[in-house]
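One chain, chain A, links the two complexes that follow: it is found with chain B in the first and with chain C in the second.
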Partner chain A sequence: MIEIIDIHKHYGHVKANNGISMTIKDGSIHAILGENGAGKSTLMKILSGYIHQNSGLIKINDQIVDFSSTSVAATFGIGMLYQDPMDFPQLSVIDNFMIGQAKGIFIKKRTFLNRFYHLSQSLGFSLEPDCLVKTLTVGERQQLEILRLLSLGTQVLILDEPTTGISDLQKDTLFSALTRLTRDGKSIVLVSHKLEDVETLCDTITVLRQGRVSGHMVKPFDTNKLLDLMFETRSSPPGRLVTSQGPVFFSLNQVSAKGGRVGLKNLNLKIHQHDVIGLAGLEGSGQSVFLKVSSGLLPVQSGTICLDNKNIVGKSHVYFQNSGITYLPSSRLEEGLVPGLSITQHVSLSARPKPLIVNHKKALISSRDAIDTFHIKARPDSYVETLSGGNQQRLLLSLLPLKPRLLLLENPTRGLDLSSAYFVWNHLQAFCKTDHTSILFTSSEIDEIMMVSNRILVFYDGKVVLDKKTAETTIHEIGAAIAGKSVHL
Partner chain B sequence: MNDFSAMMILSSIIAAACPIIFAAIGETITEKSGVINLSLDGTILLSAMTAFVISYSTGSVFLGFFMASLVGGFVALIVVFFSIYLRVSQVAVGFVLTLTCRDLAYFIGNPYSRLLGPQVQPLPIPFLSDLPFIGTAFFSHNVVVYVCYIFFFFSWFYIEKTPMGHILKAVGEHPHAAYSRGIHPHRIQLIYGFVGGVFVGIAGASYSLFMKAGWGRPQGCEGIGWIALALVIFGGWNISRVVIGCYLFSFLQVMGIFFQQWFPTFPSPVFQVAPFPLMIFSLVIIHVSQNDKIREWSKDKNVILFFLNRFSHSAPAHLGKRFHV
Partner chain C sequence: MKRRMESYGKMVQLLFMNPVFFIGISLLLVFIMTSMVLILTGAPPFSVYKQIFLGSLSTGSKFGHVIKAWIPLTLCAIGLLYTFRINLWNIGVEGQMIIGAVFCTFIIRLFPNSPYPIMILFLAFFSSMMGGALWALLAGFLKTKGGVNEIFAGLGLNFVAQGLILWLIFGPWKRPGVASMSGTEIIPKGLWLSLIERTAIPPAGLILTFLALFVTYLLLKYTKIGLGLKAIGLNPKASLLFGLKPSLYMLLAMVFGGGLAGFAGCIQVTGVYHRLIPSISSNYGYLALLVVMLSNYDIRLVPIVSFFFSCLNVGSIQLPMVLHIDSSLSGVIQGSLVLTFLALHALHRRLSTPKEIQPS
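Coming up: the complex of A and B.
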């Protein structure tokens, strides 16, 4: 049994954990629920010894422990799967498995290989030990990390947002593995902002809000009450946008392109004003290539892209941007924002037209505006890499040009909690209403696509296999199309 | 070319490569931990001067090597210390140290210029050196060259085959992940920064105590530090490939001397300078091999693909960046 007593942790003025107390029982799956920035990750990093609390106690079986590092926590059987993969992409699976475990002068590779096979078999994972980790999917890297932690003798396994970015199949494998582990007497702590995952898997839920515990709950759960505990104020879910369809302004004719796993094959598409189009399909079926081609980031091999009946193939990405086509990538910190620059610097970077000399005062004022209107929890001089995922996405939104004609969004709500996601959509739909903007977005969650888009495109193997009004299709039909079973079109 | 001169060439290539190998492997070890020590050229000069002055004053070649390695380790420690504790860019500190160490070496070493000092004596290995051909080429050198063979094998083994080597690589690749596994990245960087510097110091001592014996301005080892840095990239941070690069460079250098004898009509600077642009050229080839279009083109060409795969590599992902929790 682990007791956490009155944990405080602050970074400068920001109080990430403000007096958190809770108890984790042996052999149970305990969920920590809360929106982005509620202090879940911070608490778990403290519990795993990665960072140290400012004040407060941790007790294991009534004995006070002090984790000065992760290896100390590991001796007490606590291991954590971090939200960002903490592995070595350039090294092989088995090397990753061994680093930190193997001691002594010689590596006993065979012993570790045996242990690796044994563990992965018992959990139903299938990983090649000689593969380089960079070739694995997020889900497989997670499996590797779980195996490594178990091999270290972990009794309490902490998982931070494990269901973000993995496929449904991998999620099922993960959940059944976790259930099996609890049967062996291990405790699981699952950190998540996704209600459905938590409700299906967990025995106990602790809800955090703004660095404090806002409530506990045991099975069976009351969804409405949980939502009340999570959010102070609940923003209303966005509905489908009801506007008349405008004229066609953007079209792709017989476009083929290379890139990704499958590329893009002979795509024909017409986009009307006020369209909100959801792009569904398995990851890497051509959606992201399509978005990059449409934004001028990837060259086409054949075919034409027309904006207002003018072929714009071969123009630069800047030309696309100046014509009102804006692309937001899904990896915010790698492609969307510049780590090492502050919010103010981002605002002045995206200023149009570009002044000769940076107007710091003006940038500061507009960054304060952005922080207010978009509810970004940060200060103008905060570095973007210190923001939580939700705040990074809000910042990206605030940097969008004033009157975009076409917004191309890759997983705009990935990793966001419900209220952040609603906020994003309410804001995006405002663009469609006032500025005749059309939106194309990818999402791995069909529910989201059904909720906000009025047209849906399903990609399979680089082709569009389903193109319908959302109102005229069913989840079943979409699911079949995603799996490539559709014969329509 | 008769047997004798082929043997001589091979023998000189082996000897000339020895200090470069020490410097390049030392730098590889440092860079594997994520620290880039650009001060190599200055460090080699400073340690060469130290080695000469110490062994001239004490008469002990061993003491010269020892002090030179300490100097090398100390300079490297400055880079790591400034990076970790004062948060200064490794590249900036490295550059400044290059210049400082160079000037310091010539300033302190000035009174010792053009003096005849002790040298490492040749020590042919009994029996082995009597073997035909390879005996003269490989086993008729001095003890430093033999240590170099062992060192090359040992450092390869250490990095590729031992848990400590894995930890070293882990810190250079992803220090946060290493930290989450209970490893202290800063400690590792201090240790291997120093160790790498020690070998750079030995490289410097090898120059002033046998390769280009003596001290004076300019010392024959000027510029080698930059070559060693380039060789680390050439070898893709992989010990065995770095060593191959060292021998290749040494081969080019030595052949320059022989070509001069064989083709006296050619202006001699051509052969002296040739290894440097050739080195740059090979770096370009390696870089090109990572180009997507080249990869696409070579998809079904097995032989070319084999070489491309051999030459493609990437730097430690966290090279030159600072780590903090």
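Coming up: the complex of A and C.
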């Protein structure tokens, strides 16, 4: 049993955890629920020894413990599965599995292979030990990390947003594996903002809001009550945009490109004004290559990209940008923002055209504006890497150009809670209404695509296998297309 | 007990965060470390320090020599600020300086007896900057177009420049009759940088160096160039999405860095040696790297640190004569000093940044 008693953690002025207490029982699946920035990740990082609390106690079986590092926490049987897998992509599965476990000069690979097979079989995972990790999907890398942690003797497994970016099948596998683990007396702590996942899997829920515990609940759960505990005010969900379809302004003709796992094969596509198009498909089926090609970031091998009937293949990304085509990547801190620069500096960077002399005062005013309008929980001089994921996404939105013609968004709501996601969509749809903007976005959640887009494209193996109006298709049809079952267009 | 230890640790951390205390303790540690190294080599540390001080700052003319070293060293260091900003290791400063000196000599040899020496000097200044910038651009293109790491490109080009200057001195530009390591013929006196009386300080070089400091400060702090260099240095992928062209900015940084290094080479020819010699760069290119790192890439500290190194360089010249110790000892002092400083910097950074990574 783990007791967490009155944990406080401050980052400068931000109180990430403000007196959190809770108890995690052995052999249970305990969920930590809350919107972005509620303090879930911080609490879990403290529990796993990744960071240290300012004050407060952690007790394991009535014994006070002090985790100065993750390795200390590991000796107490606590292991954390991070949202982004922390592994070595260049190494094989079995090498990753052995890292940190193998002691001595000569590694007994066979012993580890046996243990690996034994563990993965008991959990229903099917991983090839000799595969390179970089060829695995996010879900498979997650399975590998779970196996590694268990092999290290983890008794309390912490999972941070484990269902983000994995397929439904992998989710089922994961959930049944977790249930099996609790039967062996292990505890699972699940950090999530997905109500549905949490309700089906967990025994106990602790809801966090703004760094405090806003409530506990045990099975069976009352969804409405949970929502009330999570959000102070609930924002309304965006619907599909009802506007007349405008003329075609952007098209891809017979475009092929390399990149990702499968590349892009002979793509033909016409995009109308006011289109909101959801791109579905398993991760790495060509969607992100398509977005990068359409924004001029990746070169095409053959074919043409036309904007207003003018071929713009071969132009620089800056040319695409200046023509009103904007791309937002899904990994915000790696590709979208510049860690080490403040919000104000980002505002200066995004000014177009950039004047030679940077106007700090003007940038400061606009960044205050952005912080107010987009509800970014930060100050103008905050460095972007100190913002939570939701706030980073809101900042990126605030930096979008005034009148974009085409927005290419990779997982725009990934890692965001419902109210943040609604906010994002309400903002994006405003572009379509007032500026004739079209939006193409990827999402791993079909529900989201069905909710906001009026057209859906399903990618499979680098090709579009389904292209329909959302109103004229069904989840069933989409699901089949994602799995590559229906190939007639 | 534990709590007391914790508060003690916190106090030390706070003390280290105080800049005055930190600089004080750094100097003390550096002093102790270098003294220990000196004692190990059998040299009396206090006499060595005294001689270095006397040799660099005791008279006007010695001070002038320090300034003469300070000017090119500072120019090279300023140039490095641009490249370090964008995360490029411009190791080729040496070669860029040499090429600057070669271009300068070339211009002077073209018009040996011009009635307008000022015009020729300006032309020499300009062309040496062009020369240095071109040499740096070569490394820049190898990096942006060819994917060659700038360290290898710079180092390789240093060797090429060294070969080129030797060939010129022993070949086409040799003194009539003799070819020697002592260099080419002395340039006409009219083209020497004028000096402040009874010192060796060339005011033109001094003024231009301060100008370069000032302009660079403004450029890096207040313009889109400075912001762009920083953004690309920190995250090239995201900068692309902000409409910046990383390769263009890299070339720009190389042009600035190389231009300033080339100009330093020109100062060496017209203000210090008054001819082209094989070691015209005096290793300032490498020394400048240390200067910038010790200044923590802060332009306000660059002239001070550079002055300190110049004193060390000039002051240690007379060590062999007075104390009968090898002149390479000044290198040893420099080395131990740099290592101690870098260790302290690392400590400072560890204490000043919170241990944890913020939640993403």
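The definition used in the following text is that the second predicted complex is superposed on the first by the 451 of 489 C-alpha atoms of A that agree within 3 Å, B and C clash if a C-alpha of one lies under 4 Å from a C-alpha of the other, contacts with A are read in each partner's own complex, and residues count from 1 in each chain.
In this text, a residue touches a chain if its C-beta (ideal position, glycine included) is under 8 Å from a C-beta of that chain, and two chains touch if they have at least 3 such contacts.
Please read all numbers here as calculations on a predicted model, not as lab measurements.
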| item | value |
| --- | --- |
| Which superposed partner A:50 touches (first chain B, second chain C, both, neither) | both |
| First (chain B), second (chain C), both or neither touched by A:119 | neither |
| Of chain B and chain C, the chain that contacts the larger number of chain A residues | C |
| First (chain B), second (chain C), both or neither touched by A:385 | second |
| Which superposed partner A:340 touches (first chain B, second chain C, both, neither) | second |
| Which of chain B and chain C A:365 touches, first, second, both or neither | neither |
| Touching partner for A:107 - first (chain B), second (chain C), both, neither | first |
| Which of chain B and chain C A:217 touches, first, second, both or neither | neither |
| Residues of chain A contacting chain B in one complex and chain C in the other | 50-51 |
| Chain C residues within the chain A interface of the complex | 222-228, 230-231, 234-235, 237-245, 354-360 |
| Contacting residues of chain A [partner chain B, same complex] | 48, 50-51, 69-72, 74, 80, 82, 85-91, 95, 98-100, 102-107 |
| Residue ranges of chain B touching chain A (in the complex, touch as defined) | 161-163, 166-167, 169-170, 173-174, 176-184, 314, 316-317, 325 |
| Complex interface listing, chain A residues touching chain C | 11, 16, 41-42, 45, 50-52, 83, 297, 316-318, 321-322, 327-329, 333-341, 345-346, 348-350, 352, 354-358, 360, 385-386, 388-389, 392 |
